[in-house]
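Before we start, here is the structure in question, set down as structure tokens.
Letters A, B, C, D, E and F mark the chains in the order given here, with residues in each chain numbered from 1 onward.
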């Protein structure tokens, strides 16, 4: 049976209630998140076997954080304990023309200072069929690009299918640093995942006729981007989310899946946003679900677009939907009528 | 002076805060509800005399629930005490493409196991001009169809005007069971109320050119449905709500009132939903208000559509608006400008 | 360096949580507000020097309220202590077709019963370049029109630039009373600010081809209104907000700035409303910011429209945005994409 | 059957959550209260017939407040509508050595400016057997002493039994004013109620060997006080609560009931305080309950002490306990073991 | 390695916030509980291997409830799905002289209607060393005594050590029913656990010189009770909690462990109660922990008393303390000084 | 006029609501704190002039934190901006035998990596009469002992009176490191402040006949400790808090002030704890208040003990009481009677 392993950061997200700004906050809603952890949870909610690997400091808050993954049936048996701190970020939720704002506090964390030897990779990959990583993990600390390269190579050698979400974060490294690192990783990757900006920022491949800020996206442009990623790096499959940002409250959402040299586009969903953080991770999870269950290309992109569309209606970073709920939306029922 | 009596279930609704899913909930907002109780409260808020009849277990939670009706000036003097439990349901609020979800826990309740003799119907109907029932009440338990038939016949004999909202609930009985029961009740009913699906599910009368899931409704189709209900069962008036479900966040809302052989349609309202549960009950209440205060047909349907449109902007199941607030919307001011 | 002084009421706002109606409320969110205080806070958030003057009763609640202004770096060194009470109002937040509702309780307050001599105006105006007042302040109590006239004349004599937001409140005085008072104040005013209704209600100058309730506004009509205010009262500049109220949830927002005999219009923003109270005050603050920093007319109206557009996405009455956040929106990025 | 009428103020209480100080509060818990209203609610919870009379402004907040009394089955059919405002007070809850703090804002209220003619006293007293007033009501406004005198005389003439809780409030009037007024009212009173300070402050009758601040109370001293009230004013019965304030968290609580020339003392309860506001009102209600149900003197004082002891464990001002819950404590079970 | 299996009910607990009564509640804090589930969680927090077995209806609320056990590392692999409902109870938290109140709604649940064949007992007991049951489980439904007898016999036959907490609930069955059932179960039990009332209510063995309501407990009396349970039913070990209920806020807490014919008493702890529900379950868990880790008798009773003392300071039903935290208290540090 | 300057860390405190453990928390109450900042706020609440100096990263969360000091009138004009992060700690509130738990995350902060040159010390000390530091500040980072020595010497040279709270934190440095550093600082200190453990841990001076864990404190022992600090380091005054920890809920609290070679003891307060964090800081602030206002020795220790006693009844770390509230307690009224 298929089993997916994710490796990366796991940190606290602290958000003022509702649309309060930081300066108005006397309460923070806390949840625990991390790009690869989010993918594990989403897959687990769809019934898949997953394991999440990270490094955490040995204290009660980190243990509390980890227990949230257990709740959603993600295995955490190979988490390494040590280091000085768990990361966190503060998220102020935007609305209408006011964007959401994130303040990072994720340096010097236990994972950022981890070494390859902190983990028993042979045990970790035993029984694994898929390995997932994002561009955030190598950006966490100076030793992480090398560590990630070793891990991804190890997975590749063991015949584990590797997926990587480019996930560029400008506050963590420069585009030059990202490119230097990611160009070494991508050749080992079977499935590259990106949003409407990542390929440009990380690999320097820009979609023509597209202006993300102005909310203008070109389907043809992104098909070309995917094609180039495949041909330049020998990648098999590419998935790209296509988000048209109308405002912090309203987006349009669709996706492209490129495989076998051909692009497949999903339908487009107009979305009223509850919480958009984790949208990309839910897309990656859904592509992996499609891969692990053997879906056809068009089915794959529709499933992934629908599942990640639903994420935007769910609070916090985990995409807590199961495969039956995605199927309901895929069947054409996005009417939101009460299910009783 | 007019007085309306409602008879039915009264139960707790437990909802996670905001858009949280059940698995994320550590707090439940509680309110007390029931289709006929909701109608009583809405009418009471418009200044009408109402009484609600149900059966509740003799415990502190049921008494707390009942006190909420007192707060809104609904009389509860003939509530029967006994039985084992008060029902409840859990409601997870949907958004965008994610539908709201309801988990019922309303079996074996005091009302579901009630008998005709638990109530003093002569005292209950003293001074009553209107009696309201919904299709939920006979679905509550095995003895309830017979009990409802006796009550509705009693009301009819006493010259009390009878209204019935078909209110089909697929988790409570099958369409076959519903039809078998409701076809016996409807002939005693003066005013039949339904939503865009009920007539099809309960009486087998389907609107042509209509696809509720796809959000396509035909005005002519529903006029025909109303006509058929009148002619087939000898019903005098029919009110039908016409909800076009765009998503869990946005709906279009209008209504049809059929009387004297002619259909009257209201204007259509685009609605941004705060809480849509109880929307149908607020429509029923408004039709009764129109009847109790002697409105003309077009005035009736416009009043009922406007009042129930406002319900969607109000949290929880009661339509807490008064007749002056409905009049403001009817006067053309749906601009939502601050009233100070 | 420029410094602005505001003078007016300062009171508590009590709002049920979310979209709860008053009768459903067991908790009130409290914040402290006042038209001129809001302008001070908004300017202070943009880095300007401001001082707010009012009169408050000597008790712990008033002191707590005042400390909120300190938090945002507004000076309060000349607040007068005395009188019997601090005002308050209750605000029920509307949604969709249901309007927000305000219940005032602001009579007999310390500021309403203040006298000119309660304040040391020479000290207050020392170093001040701008003085801001709204039409609410003279409406607070019987002695206030005279007091305001003296203050505004004093400011004028000292060469302080005077701005006045007409801000008509029908629950505080009649249009006749407002006109009698405001026509005496306006001749001393350099910058008159109004919303789409104020000029009509206070000065009897109505925009042609406009129906506020129906959501129809004429640009030409408002250019004429501004022109008339300038010519009739010798006012130099006029700023008017143009709000098209679609519903309590959705508005369109833009503005007109009239100076040097010519109207300048901003772009129009479709707004999904978080909290619209204080929108006009944030516009006034932004016009003052433009004046204090020497912006060109078109730049002025665009800045003020953008800043006050953002206010609608912020909870409570203060416009807690800084000049960099306004610049981001002005640069064309209203896409609401996450800032991380 | 016995029926009690209460007349007095009805106002909002706004309390920061938990033990927060005013300056820390961003949320206020709201409840509605008033000395006589509290007595009505407590009696209603014990199954008695009650009616509360007050005057309120015609707005949504006052109507919401009033609906809380309906919830507890208190009748409000003769409330007068008019005037300008409903009163309120802010309550900061103390703990340990830090006392609770109250900031009053109850001037200029609808009830403070009421006149005798605003109410239909004949209708109000129809069927009434008991009338209850406190020393707060005449202190509300300049016309209130006279109004209260007329009402109390009216009640007396109609053979209605009159009870009066002295309830001295130093922020509302001076001891001289209180004495001047109350000495005219007390001769019409059948049952005088007081706490450990009132008789001294209002009537100038001080208990010997007692120092309230130091937590020293003399039983004999209070027996003398009660005796003097009876002999000096011709009062029949006197009830006095004996609170030994150890800290804001811990009190000792007991009571004295003086009737037929003899004092009866209750047992003393050590209390861990949840909310002590309304403790005196719950004592008054319990004395009235004893009177309305015909208890013996010792039974009376024990019942009243036990019921009001329980009040201290209940949040907000209403004593939401029924007669069976009081009986459980009277039976000797104050062990607080879980009732399941 | 030792592994414990628990079998029983799993239900929702709904509690008004703080000390609110049911009638004041608009929010319920929800947690999931069950006597045997609580024991599993407590043992898992101390690092033990546990599995909980129950039967639940196939719906989202039950799945959400179950995920809480996963969070605390309790296995749930053999839960049976089916039946109609999950039970629940409402808990109103008492304070001072006012007792906590529980309203049960746990009839007709999936577990109450379970049959022996719903579970794969061979798989369940594979690797198990301990099996825990309480007197609540046989009381759940008419078929449960027989089912429990078969399960307990099965465990016994497999050499699994059996513990049983008598846990009498008067609202679930009579003392006669309890005795008839429990006397058949106890002979198979190795460790009997009881509180200060259970042995009397269930087995008719009463401690002399003891009055639970008056808070009077006799150590000698309870030693005799334990002795009698051992001799009469052939039980090896008996643990009894000794709670002296001073009030709902304050208790004294200690325990007796009887083994090898001798009683061992723990020290007594004065407790300021945060939440006492689950106190007995935490005691049972700690006795099992002592057994699974091979503690001496005196060490056992001290550990169990200390661990369950700590439970009273923890909100909700699970005893979320680990063995190091118990050791800190055992070392004599109950001073509550901040651990930083 | 006297003015006090504090220098040190400023960080977020995140606490689960009520008595929830970390693993139960989905919300964190946030407040901002720091030993010297707490002293500044307490002094400012008593009307004193204060300034707080720290270093913070340039982001919205740090700016929000700083605005809280402005709210309480503490000046922050010389805060240095730069570095990478603001520190934080998580606080789990204990009760009864369960201690509060703190998880630190305060390494690599902007203040921990500050240099002497980041601050304009001449400007900072202009007008200052008092400088306050705690033992936490030198423990923040490797360069901090040297920085603190330079600052304290600078203050001393400028004739500014220096106070230092030893404040030992075992998670920040060893007793050896603390001693090495503090022995160099203390000779420059005029007033040394310590709790019942600090002198032992930091300076190796232990009170005889004392066992802090067992709650046994010897007055004579602490008088000797103070005497030794004075004689060994040439310190003028010493203040020591004497906390007897009965449990996490109940403490006894008193203090010793040693000056002119003589010890002065305050009365002892039994305290029911709301929040004890910041108790020591409030004591330091009160000693400084006494010094700044010229109190006598006995008056000083009584004032400081009373003020810091009140702190324990106030939520979060700031001692939000003014000098009149302390005076009320000093006058003998600790009865906690409602102030209205």
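In this text, contacts are C-beta pairs under 8 Å (C-beta built on N, C-alpha and C of every residue); 3 or more make two chains touch, one makes a residue touch a chain.
What you are looking at is a predicted structure, and each value in this text was computed from that prediction instead of being measured.
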**Prompt:** What chains do chain A and chain D have as common neighbours?
**Reply:** B, C, E, F
**Request:** State the pair with the higher C-beta contact count; candidates are B-E and C-F.
**Result:** B-E
**Asked** Which is it for copies chain B and chain C: same residues on both faces, with over half shared, or different residues?
**Response** different
**Length of the line joining the C-alpha centres of chain B and chain D, rounded to whole Å** = 42
**Complete:** The positions of chain A in contact with two or more other chains are 21, 23, 26, 67, 71, 101
**Asked** If you look only at chain F, which of its residues touch chain C in the complex?
**Response** 67-68, 70-73
**Fill in**
As the complex stands, chain A meets chain F at residues 14, 21-23, 25-31, 59-61, 63-64, 67, 84-86, 88, 90, 92, 101, 103, 105, 107-108
**Request:** Quick one: which bits of chain F touch chain D in the complex? Just the residue numbers, please.
**Result:** 71, 269-274, 306, 309-310, 312-316, 320-321, 325, 328-329, 332-340
**Request:** Can you check the complex and tell me which residues of chain F touch chain E?
**Result:** 18-21, 23-24, 89, 94-102, 104, 169-171, 212-215, 245-250, 276-277
